[in-house]
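The following blocks contain the structures, represented as structure tokens.
Below are two complexes that have subunit A in common, paired first with subunit B and then with subunit C.
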Partner chain A sequence: MKKKILISDPTLRDGNHAVKHQLTAEQIARYAEAAEAAQIPIVEVGHGNGLGASSLQVGESAVGDMEMLKAARRKLVRSKLGVHVMPGFATIRKDIEKAVEVGVDVFRVGAHCTEADVTRRHIGYVRERGKEVYGVLMMSHMVSKETLAEESLKMESYGAEGIIIMDSAGAYLPSDVTERIAELVKALNIPVGFHGHNNLGMAVANSVAAAEAGATILDGTVRGFGAGAGNTQLEVLIAVLDKMGYSTGIDFYKLLDAAEIAEREIMKVIPAIQSISIVSGLAGVFSGFSKHVERASKEYGVDPRDLFFELGRRKVVAGQEDLIIEVAMDLAGKKVSR
Partner chain B sequence: MKSSYVMDIVQEDCRNALKRPEVLGALKGETVLITGGTGFMGTWLAEMIATLNDHFGFGTKLFLLSGRANNLSARAPHIAVRPDVTLIERDIRGLMEIPQEVSWIIHAAGNPDNRVYASEPLRGIEVITRGTAAVLDCATRLPNLKKMLNVSSASIYGNQPDNLEKISEGFFGNLDCASVMSSYAEAKRFAETLCTVYRSQHRLPLVCARPFAFIGPYQMLDRPWAVNNFMRDALLGGAIRILGDGQTVRSYMYPSDMAFWLLRILTDGVPGQNYNVGSPEGVTLLALAEKIADLFPDKPRIASHLLPPGKAQRSRLVPDISLAQNSLGLEITVDLDTAIKRTILWNQAQQKLTKAGESKR
Partner chain C sequence: MKKLKVAILGSGNIGTDLLIKTLRSPVLECAAFIGRNLSSPGMTRANSLGVKISDRGIEAIRSEPDSCDLVFDATSAIDHRHHWSVLQSLGKIVIDMTPSKIGTMCIPAINLDPCLDQRNVNMVTCGGQASIPLAHALGRTHEVDYVEVVSSIASRSSGPATRLNIDEYVETTEDALAFFSGCAKTKTILIQNPAVPCIDMQTTLFAKVKQPNLEALDREVKAIVAKIQAYVPGYRLLAGPVYENNRIVIMVKVQGLGDYLPRYAGNLDIINCAAIATAEAFANKNEKKDTDQRSHAPRR
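Showing the complex of A and B:
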């Protein structure tokens, strides 16, 4: 019997990072329709940082959360509608309750890899409403496999029905993924998943390593549409998984069609591994920082590569975008004093 | 005030469990203190003592000690306002004194919700360790203490070995004290040790119960246990979601049996003895989900989650209750099917009550 993998597709969420959160309701509807035809099990939709995140600090989205979700909901029948939820951005009453009402099926509640505690109320509320809920640990390369297991156990105890670790910085090598996923599979009694980024060109290889180590949930976006160097490219991942004997239930040709549609109608630029993305992957800094780093480095006349490595040294994480300027100013100061 | 239907279910259960109320005769005219008195267990014990007073003329006075006494006003307001019940709101960790008239103690404080031990293990284990020490200290100063029951937990056994069909009180367990997830169980083990020490050093008459799993009214459906989740999924009209192949085995006791058993262990349990409290009837989680689904007119679908091959969670936790059966004549009077039916009925009545309350606002 073929081993099953549950695919979650955040093209319409992580991809929003790549267009500064400017996806329109029409674009969302168009891709959701194609994803439904391809029988992608979970289609994640929203602002790049998830529900309630649209703001001056991380970028305002072109349309509101509920409008985006409704646009996708109308097109999804067999495919489930998913959202990314980060406590701090998303609140229960203002955001999650409304998302339940517009028909979101799957909530993925994420936190920085050492902050699982903050997800308790959000996970609990989603379970109370009878919806599916997963725990997501972001920037997972920053801590040991043992810490990841402890944080995952917290989320499991809060009611998460699966744990997904994100390689938010695209920093992993396959052996890193194998080690961490194996630890989580051993420690948890719920499914384990992996969300890759492609800064070092390893996203598909890392996702395959995750599956081989026991992960049963994998994320991928068409053309790798996502933050920084992009995500695990879904079409390639499905092809490779199929070749390796895994089953995903996805219609491969229809998926290729969906990718064409997305490329034509959603993407201004197809993600590529730019020099700066390689640096951010090596530095272990959140891919979504690229555009902020480019801006700050121009403004303060510092080398964006230096800025990335310094941010990595200071272990800056998503949500600390304001620190980019501070670090750039520090570097600029050092330059002057030399 | 609670609707009479919600109360009727519980009170009828208590009366049914008291087929032989005379065996609890030692509590007549006595004063009982229950710590953790407003939790699931405390509320059922209070309901049972209220039934003994109302229907069998026991005249037992009850002190319910809790860190959050107003929980009871929300959960069972009819108990909170009874003249034979006194609520004491106090953090058990700092308890200095117990009313001098108390002659029986049931120490049931300590939250078994594993989310507490995931987020705040220190606070959780302090309530158990320091709380138990505080109650024991106070108990040594009581002039007329007849007996104290320490409510421990089946979690102290750790994982039930594959070759063991049922866990008896003589199984010493296999906990990993290096895992933070063991903190509740290890704290409960230490509390048992404390009881052993106080019994030895202060000659306190102490008996211990080790509860397994329960299903019934007053249980909060947001608790992270399989049966609660199945029940909630079904009541919400969605699919019942189950992990893996559903071959994990658990057993569930109805709380009216639980309350009667605990009172009987209190009155007649032998000091120094530990008694398992639970149902010996094992059921797979899949069969349990099906039993719950069958009771709804629009039978909910049962959905299974993907787990890696060979990772199917197939643990087993079923007690051997022959000690309680043979030495105290205790038995299971509510079978699993009846327990599920009554729990659903109670929750449906509760839901209607909540909705009616919301529409009045």
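Showing the complex of A and C:
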């Protein structure tokens, strides 16, 4: 029997980073419809940093969270509607309650890879409401496999039904992924997943490594539409998984059609591994920072490569976009004084 | 002068740091340090400092109501509800360190004096103490459409209660920002960063305004920063106010005094410095009242 992989598709969430969170309700509806036709199991929708993240810090979204979710909800029947949630941005009362009412099926509650305990109440709440809930550890390259296992076990104890580790900076090589996923599979009683970024051109290879090490949940977006260099390209991933004997339940032709539709209707530019994305991956900096770094380096006249490496040196985490301005000012000041 | 007797309820990071600051104060005296577990690090520390300790929680005050005049509640928002009902009936002044939203919100640089007429004063949140004065300066100089505050703190500086109460932190800070800036639309974001060496607390305020007037804002900001520095020595303006990308940006950094937690824990320090400043103001007010009464007493 073929081994099954559960696919979660954040084209309409991570992809929002690529267009500075400007996806419209019409674009969301259009892609959701195509994703439903392709039988993609989970369609994740929202601001790039998830529920409640529209802000001057990260970027304001063109339409509100609930409007985005409703637009997708109307088009999804067999496919489940998913959201990303980060405590510290979203709260239960302001955001999660409303998302439950709008009809979200799957909540992926995320935290920086060492901060799992901030997700306790949010995971618990979603379980109480009878919805599906996963724990997500972001920027997972920053810590050892042992720490990841420890943090995952906390989320499991709060009620998470699976744990996904994110390579938010696109910093992993396949051997890094194999080692971490194997450790989590050994430590946990719930499914393990992987979310890749393509800064070093490794996203598909890393996702395959994850599956081979026992991961049963994989994330991918069509054309790799997502932050920075983009995500694991979903249509490539499905082709490769099929060739390797995994089943995903996705209609391959319809998926290719969905990718065409998305390329035509929601992408300004198809993500590519630009010079700056390689630097970002090497520096281990959150992919979502790329647009901000681009802007700040122009505004303050500093080399974006220096900016990325300095941010990496300071070990910034997702959500610390304000530091980009500070570091850019700092670098600009040094340049002047030299 | 006679010192004001205070009890500290809660023996975690906040409570223990408050203890050390209380012991240093010329006008406060720690009458009791109260928790639930005699072997916790905070209790051990208090014991070694020769402070009277108890593991009986609020019962310790109920059974000896005359032992203190003012109580710092450094437990949790949920526990504070119950504590307040007891302390209110005992007639205690309460300085609430939790984001319970029961008492009058106090930012010493803004509204210390009116708070001294209240019996329950709430210290909002650490991010609130750092950012609200800036939002207040903004509100005095601008018609503000939107205010947003982002605080980054070192993971090691936030204890289990802070982590569990992250939603209350966000919502309480947002409410207080709206109250003190006069702008209804507010947003708060909290980021915990585990980097080693630990990062200092840093807070950024972003705002959208109708007509930016940086000169007036700069003056107000400098004035209020000086006021804060009088009770939070490690508070400093890092950048701004600047207008970039159609938004006002102000950044501050807060280093702690290194009393109980190391200096990076500016988040813990700023709310505690604010609480101590408030308690000392209560003490000075009491002392003044006593002196006045004495001088007006008829001579025999």
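Keep in mind that, in the parts below, the second predicted complex is superposed on the first by the 337 of 338 C-alpha atoms of A that agree within 3 Å, B and C clash if a C-alpha of one lies under 4 Å from a C-alpha of the other, contacts with A are read in each partner's own complex, and residues count from 1 in each chain.
Note that in this section a contact is a pair of C-beta atoms (placed from the backbone, for glycine too) under 8 Å apart; a residue touches a chain by one contact, two chains touch by 3 or more.
This structure is a prediction, so every number in the text was calculated from the model and none was measured.
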| item | value |
| --- | --- |
| Subunit B versus subunit C as contact partner of A:Asp306, first or second or both or neither | neither |
| Partner chain in contact with A:Asp257 - subunit B first, subunit C second, else both or neither | neither |
| Partner chain in contact with A:Gly88 - subunit B first, subunit C second, else both or neither | second |
| First, second, both or neither for A:Asp117, with subunit B first and subunit C second | both |
| First (subunit B), second (subunit C), both or neither touched by A:Gln57 | second |
| Which superposed partner A:Lys315 touches (first subunit B, second subunit C, both, neither) | second |
| Which superposed partner A:Leu323 touches (first subunit B, second subunit C, both, neither) | second |
| Subunit A positions touched by subunit B in one structure and by subunit C in the second | 117, 120 |
| Complex contact set, residues of subunit A against subunit B | 3-6, 117, 120, 124, 127-132, 150, 153-154, 157-159, 161-162, 185, 189-192, 214-217 |
| Interface residues, subunit A side, partner subunit C - complex | 55-57, 87-89, 91-94, 112, 114-115, 117-118, 120-121, 142, 295, 299, 314-320, 322-323, 325-326, 329 |
| Residues on subunit B engaged by subunit A in the complex (per definition of touch) | 114-115, 117-119, 180-181, 222, 224, 229, 232-233, 236-238, 241, 243-244, 305-309, 311, 313 |
| Subunit C residues within the subunit A interface of the complex | 146, 148, 150, 152, 155, 160, 163-164, 166-167, 170-171, 187, 189-195, 199, 202, 204, 206-208, 238-239, 244-245, 247, 249, 251 |
